[in-house]
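I have placed the structure first, in the form of structure tokens, so that the comments after it can refer back to it.
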Amino acid sequence: MNNRCWNTTSLVASLTLALLAGSALADGKMGTATVKGKISADGKPTPGAPIAMGADKFCLAANPKPVSPQGKLIFADGTLPYAFVYIKSADGKLDLGSKYTPPAEALEIDQSGCMYKPHVAGMVAGQTMKIVNTDDTNHNIHSLPTKNKSFNFSQPKKGMTKDLVSAETFNNPEVMVHIKCDVHPWMSAYIGVLPHPFFDTTKKGGEFTIKNLPAGKYKLAVWHEEWAPQEIDIEVKDGETVEKDVKLAKK
Amino acid sequence: MSAGHSHDHGHAHDDHAHGHHELGFIRKWIFSTDHKVIGMQYTVTALVFLFFGFTLMMIMRWQLANPGHVIPFVGSMLSKQLYAGYMNLATEGVLLPEGYNALGAMHGTIMVFLGIVPLAVGGFGNFVMPLQIGAPDMAFPKLNMMSYWVFLPGGLIMLASFFMPGGAAQSGWTSYAPLSVINPGQTAWLVGMIFLITSSLLGSINFIVTIIHMRAPGLTMFRLPFFVWAQFVTAFLLLLAFPPLEAAGVMQLMDRLAGTSFFMPSGLWVSGKAAEWVGGGSPLLWQHLFWFLAHPEVYVLILPAMGIVAEVIANNTRKPLWGYRSMVYAAAFLGFMSFIVWAHHMFMTGMSTKISTFFQTTTMIISIPSVIILTALVISLWGGSIRFNTPMLFAIAFLPMFAIGGLTGLPLGLTSSDIHLHDTYYVIGHFHYVVAPGTIFGMFAGIYYWYPKATGRMMNETLGKLHFWPTFICMNCIFFPMLIQGMMGLSRRTYDPNIYQAGLASLKLHKMISWSAWIMAIAQLPFIFNFFVSMFAGKKVTENPWDSTTLEWAAPSPPPHGNFLTEPKAHRDPYVYSPPGRKDDFLPQHVVLEV
Amino acid sequence: MGVQNPGYWLPVDLSKYGYKIDDLINIIHVFMLILFVGWGIFFVYCLVRFRAKPGHRANPELIHAKGSKYAEIGVAIFEAVILLGFSMPVWAAYKHAPPDKDKAQHVRVVAQQFAWNFHYPGPDGIFGKTDQKYIDEAANPVGLDPNDPHALDDIVDVNNLHVIRGKPVMLRLSSKDVIHSFWIPVMRVKQDVIPGTVFPIWFEPAENATLGEFDITCAQLCGNNHFKMRGAVHIDTPESFQKWLDSKKVSTQPVNAEEEFKE
Amino acid sequence: MDVAIPCQVKPHPVTGIANGKLAIWLFLASEVMLFGALFSSYILLRTNAETWPRGHDILSVPLATLNTAVLITSSVTMVMAWAQLMMGNFSKGRKYLAVTLSLACVFLVVKFFEYKDKFHHYQVWFNTPTMVAGHEVTTITGHIEEKTDDFIKFLPDPPKGHKAEAGHHEPIKIETSQIKRLSNYGPWHSNFFAVYFTMTGLHGLHVIGGIIVIGYLLGPGAKLWHRDRQFYINRIENTGLYWHFVDLVWIFLFPCLYLI
Amino acid sequence: MSNHSSTAAKDTHAGHHDAHSPEEIQKHVRTYLVVFVALGALTAITVGVSYLDLPPVKAILVAVFVASIKASLVALYFMHLISEKKVIYVMLGIAGMFFVVLMALPVVTETEVRSWLRALLMKYVP
């Protein structure tokens, strides 16, 4: 009920947003600073059983070796994959004061081996999304945003793609929209929708790099599915690389 | 110019037409208060909805026969994205599971609430019943017009729901909570239902008052043709069974829009998070209220068809109906019993033995009046002189088809056999046997039988037979294999049956059913052609082309505003055929015997 | 092996007491066939004999057909017989006389939109406490309480129910979101799963049931992917059941991210 | 132009009543089923619920009693109007009809205030039991003075029984993190209010229906008096039947929702 | 109080005849005023009783009993059911039958099933 009136208001908001972005303001301010670092966790994640892929014969065949939930993955040296690192303004707001037009190429979300690839990703508000089903089984993509318009559709056959453009994609900044598959309950993806392009997801060794950041004071925010989010203050100058490591506490 | 002797040709009625000043086209055809015009409006609208519901089913049949293949002809149209957030039924030409559910739910709703009820009660009831009781019009003409103009928006809202953001209703025509409260697309369905229920309610009041108050002099209750009795009992079912569903519809609308939890139990976990509803409701409350309506509803579907079949059989066997009184008492008993039988649809919801015993017993008892009516109709054939014209063909085919429909209800009415057969294709075969070759054959018989009275021209016989035989054969090729699939354990409402062992085993049957359904679609073309062309090119007829005895044949065809030229009186029973010692083998009710 | 073909088109019956349901279905269908054929013969005979021939007049007297009254009474009696003689005792036995609860295998079934979660009590035989707080769709679909000692050895499997031949199975059905219906055609068991209530049912695989995997179907429309909610019941021998149980032991070795992380 | 409908005004020889009366009684039969379904659901929901608040504590009984009196009076003035018209004095009859109409409007106005009060009355559930005005509670009811993202200023209701004491009742500050659930007394609050709003709402719609019909009979419909007096009296009587039925539903609604 | 008014109505009923002559209506009007007072009194009673905080079952019984008296007063006198034609009684009889079915069975079915279910679970939970 309140979810439904959010959808209508956000639809109107996104339309006005798109109009505004197009018309007056110049393109977002880009800079030359970069921020790098490692995200690690102190302590062990709570043990979880491997995913019961036997629920769907296709998924069992696609994953011969047991797969554990992606949120529980932690490297030997304690660093974390799938952590989402992004920039916030000094006073903790997502909007950095200038308008950034979303990049042309779409954020592609692939469903292969009964898992979402990428598991965690970021996008600029208004960027088109391309949902692809490369599995030979039926997937049902169900997004659960609070500030954006939700979508819920099936892709029963291999190779089906759907482009979510303009009003259908996520147009309002919202950190971590959860996308799940109704048919395979363990499948989940987290999409960070930001008004600016300064974000990265940690991969091997928990490293992240954020480039062409304009100089100034910011907050570096880290989000992870399993661990408590954290924000630290940083200050960058033009052409300079800042190294920052963040250790996440237990939720 | 005594209207008495039937052979006096129809020239008499021309010089009377100028008596009434001519209404404008709008008042005469669109906002008319003439029960005949409203009857025709209902009939045409209902036929359009029936064919639309039929096309929805044909798309589903494609998906069941070859799952995952591109739908021919309509595949690309269904995949078009009309606007952002539009739920299209198919992508890349392939039907989606939500599309399949939407088609299934709307097929059921359109066929039952927008097709058969308006045709059986709105169309035939409005047109034929006042004529058969010798009344000039319905008791409340304006209320009658209003019932159509409340029905039409309800129907249009149902159609518009396909294009609304949430898409059409996707939780079956039964719209069980909590699924129907969670799923998108149900709000338009509920609003449409409230319109339809109000329209049926107003219509039924009109029927009952007309039948009780406006019968021609001499036409006592037991001289009424059986069709009028069927409409009378149906009107009571509509009057008393529909309001509880309206209340339940309001409650489900509140659950969807105002966040109440009439049907939402506490502790619901939906789409990965705790649901917003406070809980404390009972999902079974919806089922109780829905089936409290829906079982009398299925008798609303079958009784008018039985009425039409009785009329056509009596007329074409040239013999009075056998056991007319037992049929009338059986129809009334059927109407009463239909209110205390509803929970046999809910055996599997976890019923205690006491409650299921009660409902099993009442279900067994309710099968007896249907057997009585059926046997009475069959025995009426004995000793007759049967004419095999098109209405009679449909009426005769109704009897074995309704027999199969009724018999297959037995294993579903007993809890133990229901364990295996509940919610399988057996159930679909059962109720479709009663509704498709049952009620719709009755409707076709009625259309062919009363078409001359409505338009003054006869429908073509050869086209009629060309319509009957393929439809009769296809009906059986569609619904008998469904009974087999049900026994094999194939669950209903499955988008892609090949996932299940029973589905794979019955894929050949699915293909056969689908092909029969599409062939049957082609078999309807002669009927459509016949229906529209005969209005102009059909053989002109006088008042009584079928040499029938009931009162509606005393009025000229098409009857003018106010129906009868002279006030008709009933002097005898409705079906006095082949009276001994008279030249004509029929003696109409209104004819005064010169003794 | 069970009963391979229990009747017209009925699926194979691997349940010990399924024959009662099949017998009832077969008896009713035989009765329906007899009634329909007899009735049909009379029907066709009337159509042929009394078709309109030129100069032939219908005879208006209504035959006082004794036969029809007896036929109707016969139908009523038969219905009473199958109702009181077969349906009620089978339903009562099925509902009121479950097997001995100590000798049965207990499984909790938590249905959700488009998957069956089977919760086994594990070696200690006691179900761990569950709460919505702990539900994590990937690792902990039934929401086992991590700090409850009994929950540690519980096993949760999605869409796969393992039963032992000859050993009765007692299920407790509940649902997270909407109404589903738990149906195993080969075991002749079907029961609607209503959210907000726990409903117990039982079935017993026959001693000689064929081993292997059979369908579990959701018989009540539960959403757009209702058709995908296919589970599998695996009929095992005690040994193969034990082998499966061991394989499902909660993996204690640490998650090896290096090799699993493939991005 | 209309076709002459028999026994539109003259009673039917056998049944002894006109079409209108039979129709209105049939309509009331269907209305009985409509409200019956709602009462049946109310009983079912109440018997199955673990906790069900007593209507007496939450809803304002004096206001409802006033409404009951208003509706009963309007029922009486309706039947008096019918009596006056039967005795032929048209102007007195119209006066009674006008009084009935105004009483119906009063009923709706009282209803409006009752609803408005419900929507402004809030209930707060705490995550953990907290100290409020001296004793440990898990939930309190009252009105919201001020609401921001991270706290709300809340004026709790005076404890049950005695009215607010002399001293000004100061609003307390509640952190948003403390609040498990905040909801006003709308239909979404609990099943008690769901039933309350659905039944009184549907009854209110029927009252509005009655107002429209009586308004028509006072206004344009009154010309019928001069054309066919008995027909007009029949219409008034049928409207009266409908109105008494609406009053009858309220007579059952009032104790079921407000008193027990 | 209430039974006084019903006896008063009895005698007017006796003299009742179809033609509504003016003094006949005059008697009707007096009945209506008596019934009006009775209804007011009954309303006062039922509200008063509700302030007594009786145990729930007793409170429900009293409330429903008083409400049905008031309802029957309105139905009999204001809706002239006391002197209505047979066809109306037949219609109301049919509607009344199904009203009872509607009121009783969902509630009986649900409460019966719930208590039966609790007993059945005992046989399953070790």
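Per-chain numbering from 1; labels A, B, C, D and E assigned in written order.
Operating definition for what follows: a residue touches a chain if its C-beta (ideal position, glycine included) is under 8 Å from a C-beta of that chain, and two chains touch if they have at least 3 such contacts.
Just so it is clear, the model here is predicted, and its values are computed rather than measured.
Novice: Please find which chain has its CA centre nearest to the centre of all protein CA atoms in view.
Specialist: Of all chains shown, the one whose C-alpha centre lies nearest the global C-alpha mean is B.
Novice: Centre to centre, using CA atoms, which chain is the farthest one from subunit D?
Specialist: Taking each chain's C-alpha mean as its centre, the farthest from subunit D is A.
Novice: Find the chain most remote from subunit E, comparing centres computed as mean CA coordinates.
Specialist: Result for the farthest chain: A.
Novice: Name the chain pair with more contacting C-beta pairs, choosing from A-B and B-D.
Specialist: Between A-B and B-D, the larger count of C-beta pairs in contact belongs to B-D.
Novice: State, to the nearest whole Å, the distance from the C-alpha centre of subunit B to the C-alpha centre of subunit D.
Specialist: Distance between chain centres, rounded to whole Å: 38 Å.
Novice: Can you work out the whole-Å distance between the CA centroids of subunit C and subunit E?
Specialist: Centre separation, subunit C to subunit E: 47 Å.
Novice: What is the distance, in whole Å, between the centres of subunit D and subunit E, each centre taken as the mean of its C-alpha atoms?
Specialist: Comparing mean C-alpha positions, subunit E is 19 Å from subunit D.
Novice: Counting in whole Å, what is the centre-to-centre distance of subunit B and subunit E, each centre being its mean C-alpha position?
Specialist: 38
Novice: Subunit E: which residues touch two or more other chains?
Specialist: Counting only residues that touch two or more other chains, subunit E contributes 87, 94-95, 98, 102, 106, 110, 117.
Novice: Which parts of subunit C, given as residue numbers and ranges, touch two or more other chains?
Specialist: In subunit C, residues 95-96, 112-113, 137, 197, 199, 223-225, 228 touch at least two other chains, as defined above.
Novice: Give me the residue numbers in subunit D that touch at least two other chains, ranges are fine.
Specialist: In subunit D, 15, 22, 26, 29-30, 33, 36-37, 41, 44, 48, 188 touch at least two other chains.
Novice: Which two-chain combinations touch?
Specialist: After working through each pair, the chains in contact turn out to be A-B, A-C, B-C, B-D, B-E, C-E, D-E.
Novice: Flag every residue of subunit D that touches subunit E in the complex, lowest number first.
Specialist: 15-17, 21-22, 25-26, 29-30, 32-33, 36-37, 39-41, 43-44, 47-48, 56, 61, 65, 68-69, 72-73, 75-76, 78-80, 83, 86-88, 240-241, 244-245, 247-248, 251-252, 254-256, 258-260
Novice: List the residues on subunit B that touch subunit A in their complex, please.
Specialist: Touch list, subunit B to subunit A: 68, 84-85, 87, 91-92, 94, 96-98, 184, 256-259, 271-273, 276, 495-496.
Novice: Would you tell me which residues of subunit B are touching subunit C in their complex?
Specialist: 96-98, 101, 170-172, 176, 178-179, 182-183, 265-272, 274-275, 279, 282-284, 317-320, 322-323, 348-350, 352-353, 356-357, 360-361, 364, 367-368, 371-372, 375-376, 378-379, 381-388, 396, 399-400, 403-404, 407-408, 410-411, 414-417, 419-424, 484, 487-489, 491, 493-497, 499-502, 576-580, 585
Novice: Can you name the residues of subunit A that touch subunit B in the complex?
Specialist: Listed in rising order, the residues are 1-3, 11, 138, 140, 142, 144, 149, 151-157, 160, 162, 165-168, 178, 180, 182, 185, 188.
Novice: Name, in rising order, each residue of subunit E that touches subunit D in their complex.
Specialist: Against subunit D, the touching part of subunit E is residues 20, 22, 25-26, 28-29, 32-33, 35-36, 39-40, 43, 46-47, 49-51, 56, 59-60, 63-64, 66-67, 70-71, 74-75, 77-79, 85-88, 91-92, 94-96, 98-99, 102-103, 106-107, 110-111, 114.
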